[in-house]
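Naming follows writing order (A, B, C, D and E), and every chain is counted from residue 1.
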Amino acid sequence: MRFGTMFSDIVSSLLRRPITELYPVERRATPDRLRGQLHWDWEACTGCSLCAKECPAQAVDLIVIDKKAKQFAMRYHTDRCIYCAQCVVNCRFGCLEMSSDEWELASANKDPFTVYYGDEANVEAALADRAD
Amino acid sequence: MQRLERNWNTAIERIKTWARTNSPWVVHFNSGSCNGCDIEILAALTPRYDLERFGVELHGSPRHADVLICTGPVTRQARDRLLRIYEQMPEPKFVVAIGSCAISGGVFQGCYNIVGHIDEVIPVDVYVPGCPPRPEAIIDGVVKLLGKLRPSPKPVIEEPAG
Amino acid sequence: MQTAERLQQARELLEPRALELVEPSTDRLDAEMSPDSLTAGVQALHDHRWGYLSTITGLDLGPDDGRLEVLYHFCSGGAIVTLRVKLPHEDPKVPTISKIIPSAVIFEQEIEEMLGIDVLDIPIKERLFLPDDWPDGVYPLRKDAQLEGDNE
Amino acid sequence: MIELAALLFFPGGLFVLLNGMAYEWVDRKLVARFQNRVGPRWFQPLADNVKLLVNEEVIPENVDARLFITLPVVALAGVLTAALYVPIAGFDPAFSFEGDLIVTIYMLSLLTMATGLAGANTRDRFSLIGATRTLTQLFSYEAPFLLAFLAPAVVAGSWQISEINDYAGDHLWLILTQPIGAIVALLGLMGKLEIPPFDAPEAETEIVAGALTEYSGRGLALFHLGRNVELVAGITLLAAFYLGGISNPIEYVLKTLAVLFVLATVQTAVARLRIDQTVGVWWRYGVLLVLLQWLALIGAEVIF
Amino acid sequence: MTETEKFSIPIGPQHPALKEPEHFVFSVDGEMVTSASVRLGYAHRGIEKSTENRNWAQNLYLLERICGICSHTHALTYCLGVEKLAGVEIPPRANAIRTLVAEMERVHSHLLWLGVAAHEAGFDTLFMYSWRDRETIMDLLEQLTGNRVNYSANVLGGVKFDVDEELAGAILDGLDYLEKRTYHYLDVVTTDAAFLQRTRGVGVMSAERAERLGVVGPTARASSVARDVRIDAPYAGYDEYVPNLIGHTTGDLEARFEVRIKELFESYRLIREILATIPEGELTSRMPRRIKANEAFSRVEAPRGEVFYYLRSNGSDKPDRIKVRTPTLCNMASVLTLVIGQQLADIPMILVGVDPCFSCNDRMVAINRGGRSEEVWTWERLRQYGIDYYGGSH
């Protein structure tokens, strides 16, 4: 039984700089594997929809614009996504990737949480579809 | 004379805003989360991230708090508690929803005992997606909340519906 | 003691009381019980200090079978013994085993609440998981339960 | 006129408040550094208090509203009065008379009493428990604390703070001759301020925020400020009595900060005592130790 | 006292640390506790039912989120069960990586628990330091898996990622630091006077009692019940990487601290062993999307004790029934039975003693005498009552 077993820690901390990282002033590099926002390469996509099918949170939708011509758009909800990467695993064509740098997604309103991917015409078509 | 009064009023407003943005005291409520977000919030208070740098203090009583930090989807049983805590907080009050399930239900969408996400029960000021968001992302959310307060202090939030 | 030995011991204990014994894999022994012989089986395991009650699972076997089933899982080392009781869909009743194993109450409460299985003489009848305003007679784990929100 | 200014601004009122906030910052910063983190910014206590002052004050239902509002005022007024008799900033106390030591010590207790009453008044269960604990603790440390402060008075042969201060300045530091008294006084002060390990009355893990659970806005701010003033007055007294007196601002700053440093160290290095343990510690050891020292003092008087 | 008195222990609904809020109600006849019940459900989301509406892959992530603290445990238990159902053998390298993550999770969880327990005891400095050091393992987990909590390391049939030399080196460096710190914490919890007076001799549970009640995990082991699924029924990589059983005989709170901290050393050893001898090979096996009708059990040793899953498939791409039994529920059940027939005055010790986490135990009790005015009892008052009741020999 002793008193003040943490004393050594206290003294050494007083003499050292705090361990605190000064985020947001300093931003530590994030590991490569970090799972942030999802990105989609529409050129490689075949439209198999496997990504959407096994998404546990209904966070991705594949919007078919023109099936024959392989024209697709993708709607992705950053606020539903649970960053599990099942969609990345499922895609056999490697179209999906999770950014290791885009994880500061906080926002004061929900608009930025719905993201459309695809080339311009397709996104517009998808948006128009939604407006109806 | 009128100008003096106006200047005086803006000065007072400035001071109020300054004090509020520099002293956000928080209270935390888990309305059915998986604990993942909760431990990350706690982690944000510990030496590595140290939210006290921004004046954030964790309080147990909603009466002392300015900011309610919510995690998790809202379960049927927790709904009333959430409302009650929100009502107990003094004005002006702010709400931060942490984690995908607090914003949209996340992975728990469609479970039978979930009544919805936080902003279906009380108004939310800042959303922080992630499952769970990293402590830095939570700090980012807090900073965004403070930024939101800064330009013009937000007037009283309207009472929650229901 | 090896898993096989443990299972052998359990087999000896349950043989006289079970309707049927099967070993689906090397670490398992399943004993089909009738609601009446259940307590005797549990008592036998308990008296010989065979393992501990891990949990009780209730399940709905679906419209084809039309029955409910309650599984009592006992673990000892690597061995798992399961006592299975099949019950009718209408008015299902099992005796409580909490007289023998008091810590079973919580699991029994759960099957009552989630599946509407009447556990006779259970010491506690209060709600455990479901919200206070949950409607009576709705048992979420039954296959035919009508639950709002549980779409998809 | 000058007296009024002394009362309101310096060394009374405003100065003590600012001083209190500054010391709160030092204390929090030290604790943070001891825990290897950065800690609050220098204006943190100011921002906290201003914010509380401008925020809405919720008056819960079924409390005595008048009491609810006046208690914080009484608490702050009490400690501010106490501060007038203490050599703040190294100047002679604003007021002084024979026996002011006793008055000061009781004025310092007023804050605790008010806190307890405030808790009892709000009827919230956490507040009630907090109030009970606050008062229990008050009764347990009060006697040894008082005795520890009276010992210097006895050797100085006066009940007047300024005279004891002068005496302490002229003689060997009392912390050397009366070490036990110094320790008991320090611990008593920690008990008064409800800082760890004596923070059971507001143990966040157990009873949310103790007696003040239901307070918000202005009331909470006043209690906070009261606590800060008490901190200043307390450590000033301690430094004046046990660390060789305080006669100029430099001495004041150095000596009070030294006490504050010790306070912060002790508070970081220990775990919270349960309330029954707190009471036990005080009655079993606190009183005993002080009495021992008294005996030694009397013995010394007799021999020399 | 003939009226029935009811005690209820409300657990702060807002609770920054962890754990689902729970609510105990004790009925008392005079001095004797006649029944005890617990109210869960504030965090009840209806997960078990929802599994029946999701396909096998989606359920992995749903179940992982039963609890963020042992997320990998739940995902692992589920994967092992599903693989058993489908009869899929997973590659040895995947098994080793699963074991690696499981042990790293144990490290994070035990350090977290140490911090929270210290915080509950009012020892914030220990809380701050243990969480500071916990960041080391959190960083490593993030580097390895891509997320700090809810790692999603598993897929059905294997794991998502590999460890390379560089990562292994980083992990080993982290462990060296943590090991040094862990010795220090062991020293703190076994010698610090202020801390020991809150833990030594508190909440003692005898071996016989623990055995009978089916208590699991470190709580059981601290009462010298040798129960550890990793040893009793090895899963994943544990038949190659065998942990030693850490036990203690006194069964009090101090013993539980010691067991957990000593388990950390075991975890460090296992992690080092895994990294040194990890087998080469594939990371995944093929999983069918539909699984033939079958049933399986799956047991895994979570940081807090045994997790038990029952899984049943019906030939579709969705499960027919999944039953989850978490260690906390199991230990909770034992609390409730332990108190029946006990003196009122013993309740606090029993609660504090059996439950592995204290966050809610050190709160308070409200007494409702026959439905009239609600009298409030503090934890302290109850404890004081206990002391008085036993003649104040304390």
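To be clear about the criterion, a residue touches a chain if its C-beta (ideal position, glycine included) is under 8 Å from a C-beta of that chain, and two chains touch if they have at least 3 such contacts.
Since the model is a prediction, treat every value here as computed from it, not as a measurement.
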Sort out for me whether C-E or D-E is joined by the greater number of C-beta contact pairs. C-E
For the pair chain C and chain D, the C-alpha centroid-to-centroid distance in angstrom is 61
If you average the CA atoms of chain B and of chain E, how many Å lie between those two points? 29
Please compute the C-alpha centroid of chain A, do the same for chain D, then give the distance between them in whole Å. 52
Whole-Å gap between the CA centroids of chain A and chain B: 23
Any chance you could list the residues of chain C touching two or more other chains? 130-131, 140, 147, 150, 152
Residues of chain A whose C-beta touches two or more other chains: 3-4, 6, 9-10, 18-20, 22, 56-57, 82-84
Where chain D touches two or more other chains, by residue: 32, 34-39, 126, 208, 268-270
Name the touching chain pairs, would you? A-B, A-D, A-E, B-C, B-D, B-E, C-E, D-E
Mind listing the chain A positions that touch chain B in their complex? 18-24, 27-28, 56-58, 77-84, 103-110, 113
In the complex formed with chain D, which residues of chain E make contact? 12, 118-126, 128-129, 132, 192, 194-195, 197-198, 359, 362-364, 366, 376, 378-380, 383-384, 387
Mind listing the chain D positions that touch chain E in their complex? 34-37, 125-126, 128-129, 132-133, 196-197, 199-200, 203, 205-208, 268-277
Residue numbers of chain B touching chain D in their complex, please. 15-16, 18-20, 22-23, 25, 46-48, 50, 52-53, 55, 57, 59-61, 63-64, 66, 88, 90-92
Going by the contact rule at the top, pick out the chain E residues touching chain C in the complex. 25, 35, 37-41, 44, 46, 48-50, 53-54, 211-214, 232-234, 295, 297, 299, 306, 308, 310, 312, 314, 320-321, 323, 325, 329-330, 332-334, 336-337, 340
